[in-house]
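Dropping the structures in below, format is structure tokens.
Look for subunit A in each of the two complexes below; its partner is subunit B in the first and subunit C in the second.
Right after this comes the complex of A and B.
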């Protein structure tokens, strides 16, 4: 009995969630909306699984052939018999619908992502914590991007069309000097940040990572590749004397590079987005009306244009995640970090590992769809405009 | 007290005098029956001495890192009674240190580090022609080369201290390779004439291979093979349902589905040795195994054993039971650990090499990085040697082209010779290989290591002579009929060639120069770069008129199979021409196109060659005939044999620079990485 439930836990979880949402939706318009979104998310995921699975089928060759061909580029000698032997071992003789059916059943019943034919182990184990590692990279990169982009995007919008020198005759000379200094500082930091952000947009990520690593080489320092240095790699997090701060230090010393690299381009884009949104809002009539009522300075900006510029940002977290994830593989490759993105590249480009690639793509889609699902229902809960528009009520 | 110590010292000195200390023989020319090798008895007899053994002082600590390995035994109980004595290339080494290396990923670009720890029954000596003992002590063939009897070393032990016997070899063959639950279908090279051989353990140290057809190259095959033809029966046999009726139950108690699942967990269902070890596959499961008194990884006979395995790298420690000692009695290997990190990007790899962060790298070091590596070698304290590849970029015309008129032209020897003379190989050498390569004709063998391939053969039809090329093309009937400056087919039809290539098989520069050279003598040639998949599929589908890919095999491989000199001359992954000839031969003439008589003559030579002992006069003579016929036929033509860099730290002692830059012979295996050592000094490696 316990065995049966442990074999099918995910299905029950999904059914339970769906069931309780359905129950709640009978007399709540809001939960009706949530239930619909839940069903739509499931349908979207199912179609994603079909698409990712059959996309791999379109590629020439199968896992056995690709993987062995890849081995042969390493210098080993390969015969057709070797390929046939591998193909039989990998069970690739089954037709596509059968393989997909088995994969999707395992997935919905117990979250089993399948078996990686080139890694010779279950995808869950092969991926292990790697997906979460990538997930955390992306989130950290995004947080970095938002922390920098939102305040400076607003600042950038604020100083737009502002003069460098305060000429206001109503201000005393000291105040004018102070204002001029403040304006100059704001202008300069705006220009600098915009230069940096254009660089971030223009510089390919892998080039940035390579350049940083080369700087280390020329400085004669050990290159910050991987997650840990040799010294700490095999040390446990905890030993007799308690938590090893040295290991955390070493970890942070390595982890900043990927986060910085993927964060930069994202920051650049967000900065431009925030700036454009705020500029757009700040010239609207309701802001002018507020200004006419005498609202001024920080309170004007914070309450009026900024407040309305932020919710579209919040709405696009899911897509931002996906965009950042797209940058991850090449960076991971450069800094020698085997995260989910590096595994995806390997599965797609080198080994044609259908179930591994499908699993990773599926997980990325899962994150995007879940994030959209969550932002949708949260926005609907907090923003009356959204609630009204989506529910027509 | 001081007197006592002195007395004791004198007593020790006297005792060792009585036993006669063995001389610590080393140097490039040292060795007994085989270069650099002695059997213990042979060494002691030759020097009338008794070898005393000593060990790496860190060996107990290293042993403690092998998860599940029992407490270490004294050295005398760890070494075989008949250890293999190695005379180092230069000097007796020092123990300790970590050999730093780079691979691309868990199963990618790993084999040149795998070769550092690799052992097999036999080994190729550094002359790349003599097969010498390693795990096997000696061997004997019956008269017609159908029965190979190998003697193992008495007292040889696995890395967990259990006895290694002939039964472990029979177990590997009969219960892993031949069991469909473990290996779905065995690789062809482990079969004899397509059927299983008979592998039996006659006693603890004698194993016999009985073949269905003669194959004297079997010992050479073991010398080149990355697979380990022995597996620990004391461990795997416990969980093998064919050997133990409680196997499934035992495995289930350890949390595995059944016995085969556990066997596969250890063995990895494959002979690739770079597959994930149990430590990477499922660390939690290895902890259960260790708790049950088993080792986390399978015990090995290799010089090092994996103790950590992650997606970022591997860490290995010296095998405390390794069967080799140096001439001073020190158990090998000298170097305590290997640290392998995975770097996928070539530029980062180069950066790490320049910074001197690694000690040795051959595989995937490409010629374009040579200048920057050479420039920085003092900064990083390393050396770079350029060594020839075994294969080279070759081209061929499709001898059974779908277009009948083109086919007829391609079958004219004058056409093939003319096209070969039209190519400016020194330009290829200059532009693609920085003038470091050597223009070489394709002879099927590796001309640099096969002794019978003469310079005359290597230099045939490779001089750049456009005038003579024109004359030969005229003789082939390929002349300009319509006066547009380009040659046409004999019927007057336009003659255009499309050179499809993939950068995996030929550098773009090489393809460009060939196309330009051919166009210059009037055969209009255009280029098209495709993916390797696309190239391979169209080549095997007989859709291409010109083929361009790497070809060339070492002597030892040529002696194991005939297919490289017979249609279609290569596998799916090589260069292939004459697909329809192959079809004709396979179908006994029912389909396809009949090949010319020279193919039959070549078949006779090749069939004879594989029954001869490499290096014998008969073998060399037959080999020469084959190489000559290859050049005379010119079905496949060579371009330039390139070189590739070999990188090694100046601190790496006893490093012998390999003769070739190639996977064949298994990278550094012929040059005995077990006697490398890491020096405190800045420079011990030769230049």
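Right after this comes the complex of A and C.
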């Protein structure tokens, strides 16, 4: 019995979630919407799995050939019949839909991502914590991007049509001077940040990473590639004297590079998006109406255009994650990381490991789709405009 | 006083009225052009971009040296950039000149190595003397007393300006903008084969741009197909196509390009075919965003009267989509395509950087950027970073022009003023 449940736990979890959502949706419009979104997310995941799995078929070679090739390096004589037998044993002689069906069944029943040929173990084991590492990289890069881009994007939109000098006759001369200074500062920081952000768009991530490494080389310092320096790599996190702070220090000294590199491009793009969103909102009639009512200055901006541009921004978190992960493999290659993105590139370009590559891509899509699902339902709960549009009042 | 001001006001009003007429009757493109002309940053970037494109398109004319292996300077491998001067301590000259750069030929005497009894000790001595390491191979002497004057419109290697194989047209020319009296001029130095970095970069610009153009055209067609069919037919077709699009949208594209590039590497292709195959792959998989937007637009437009009129007069589905619905969205499509240029270029570079796009003998910016990975180049041949600078400038120019165009094409941007 326990064995049966441990073999099919994920399916029960999914069914339970779906069932409880369905139950709640009988007399709540909001949960009806959530239930619909849940079903749509599942359908999207299913189509992602089809696309990913069939795309990976273009990679040359298959598991049986690789296993046999490995054996032949061990000095065994191999015939075509051996390859065919091995293929039949691994189930690779089945047509694509059957193999996809098996893969998806294993996935939905117990979260089994398949078998990695090059690692000769299950994908779940081969990936291990590496996916979480990549995930944390992307999240940290995104957080960096948002922390910089949101305030400065708003600032940039704010100073867009402002003059450099405050000429308002209603203000006293001291206030005018202060305003002018403030405006000048804001304008200059806006211009600088825009230049930086254009550079971020134009300079590919791998070049940025290379440049930073190059600076270290010229300075004669050890380059912060990888995750740890040699002396800390084999040390455990905890020893007799408790937590090893030195290891954490070393880790942080290395980890900032990938986060900074992927964060910069994301910041550049985010800055443009925030600016465009706020500018768009600030030219709408309700802002004019508020201004006519006498709301002015910071409270006008914070309450009207900024508040309204937060929801589309929040809604795009999932796709931002996808964009950041998109850049990660090449950066990982340049910096010499050993996370899932590096594994993905290895599986795609070097070992042609179809199931491993498909599994990593599927996991990324899973994260994006669940983020989209969460942002959708949170927005529907929080933002009255979204609630109205999706639930018809 | 009053009458004068009223006259002025009247004239002003009349003027704005005629301006308004021009404004309201102007076509979409005229409006975009007028708005674009007001943007200084966009205009400057556009000028720079045009200049770079022209230099890329007529690269053989602008480059002083043949970028291929035929033009490689055997006696000046790994050579430093040769500066151009108007004056020095020997006086001023109207005609710019450069000095004679002579590469020290490595004086490694392998015969002596053998004579002295050979063995590892002698080899060790040779290695530790530094004669073999990279920085000693980079040494050169400048003969400041031997000026080489620059010549313009100089006769050099022959190239074809315009060549269409199918029509048998092949216009050839052998004039170049710059050259020197003796030998070759290497404005940005040479690489380890003696190929001129400046000329290679100029040739690479057009290769990269043409990949982007092919990719964008393919992208345009794939998104028109998906968006047009999905929006026009609606219903079940729409649902299926959109769920596929949605699924494609969440998968990171570069790994997918990678998989396709690996698959392409298995097929035996000539460099040209490979080049187009990569462009087609990049374009064909990038339909999600534009396709969705087209679909939304067509969903709105398809209930309009002119579509009904076309349908009633017996137009086929394809004709309605292509001749009636898509043109109504034309300016947006073109602007979107232009905005996407830098991203496509970045995709090509990423692939080439991994060694899966174009490869070495081809001059593409990605191939040249890939060299920046080489520690030897990083430490001993910094001038090979020139393509990086050109690349960044090119993408920046595209981004600025794209930004200005996006603002210009936005019909609501007028209200911001």
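One rule holds in what follows: the second predicted complex is superposed on the first by the 353 of 393 C-alpha atoms of A that agree within 3 Å, B and C clash if a C-alpha of one lies under 4 Å from a C-alpha of the other, contacts with A are read in each partner's own complex, and residues count from 1 in each chain.
Here is the rule we use: contacts are C-beta pairs under 8 Å (C-beta built on N, C-alpha and C of every residue); 3 or more make two chains touch, one makes a residue touch a chain.
From a predicted model like this one, the values you see are computed outputs, not experimental measurements.
K.L.:
Does the superposition put A:241 against subunit B (first), subunit C (second), both, or neither?
P.N.:
Neither partner.
K.L.:
Is A:3 touching anything from subunit B or subunit C once the two structures are fitted on A? First, second, both or neither.
P.N.:
neither
K.L.:
Given the touch rule stated above, what does A:333 touch, subunit B (first), subunit C (second), both, or neither?
P.N.:
both
K.L.:
For A:170 in the superposed arrangement: first (subunit B), second (subunit C), both or neither?
P.N.:
A:170 sits against neither subunit B nor subunit C.
K.L.:
Output check: A:27 vs subunit B and subunit C. Expected answer is one of first, second, both, neither. What do you get?
P.N.:
So A:27 meets neither subunit B nor subunit C here.
K.L.:
Touch check for A:43: first (subunit B), second (subunit C), both, or neither?
P.N.:
second
K.L.:
In the superposed arrangement, which partner chain does A:214 touch: subunit B (first), subunit C (second), both, or neither?
P.N.:
It touches subunit B and subunit C both.
K.L.:
From the superposed pair, tell me which subunit A residues show up as contacts to subunit B and also as contacts to subunit C.
P.N.:
Dual-contact residues (subunit A): 60, 206, 210, 214, 217, 333-334.
K.L.:
Name, in rising order, each residue of subunit A that touches subunit B in their complex.
P.N.:
Against subunit B, subunit A makes touches at 60-61, 69-85, 88-89, 118-121, 125, 130, 206, 210, 213-214, 217, 220, 222-223, 225-228, 230, 233-234, 333-338, 342, 346, 350.
K.L.:
In the complex, go through subunit C and note every residue touching subunit A.
P.N.:
243-244, 246-256, 258-260, 262-263, 266, 342, 346, 349-350, 353-354, 356, 369, 372-373, 375, 378-379, 388, 392, 395-396, 399-400, 403, 412, 415-417
K.L.:
Enumerate the contact residues on subunit B facing subunit A in the complex.
P.N.:
For this pair, the touching residues of subunit B are 105-109, 111, 183-188, 226, 268-270, 272, 275-276, 281-282, 308, 311-313, 315, 339, 341-345, 347-348, 351-352, 354-355, 357, 363-364, 504, 532-534, 536-537, 557, 571-573, 662-664.
K.L.:
Over in the complex, which subunit A residues touch subunit C? Could you list them?
P.N.:
43-44, 47-48, 50-52, 55-56, 58-60, 160-161, 198-199, 201-204, 206-207, 210, 214, 217, 272, 279-280, 283, 318-319, 322-323, 325-327, 329-330, 333-334, 344-345, 348-349, 352, 357, 360-361, 364-365, 368-369, 372
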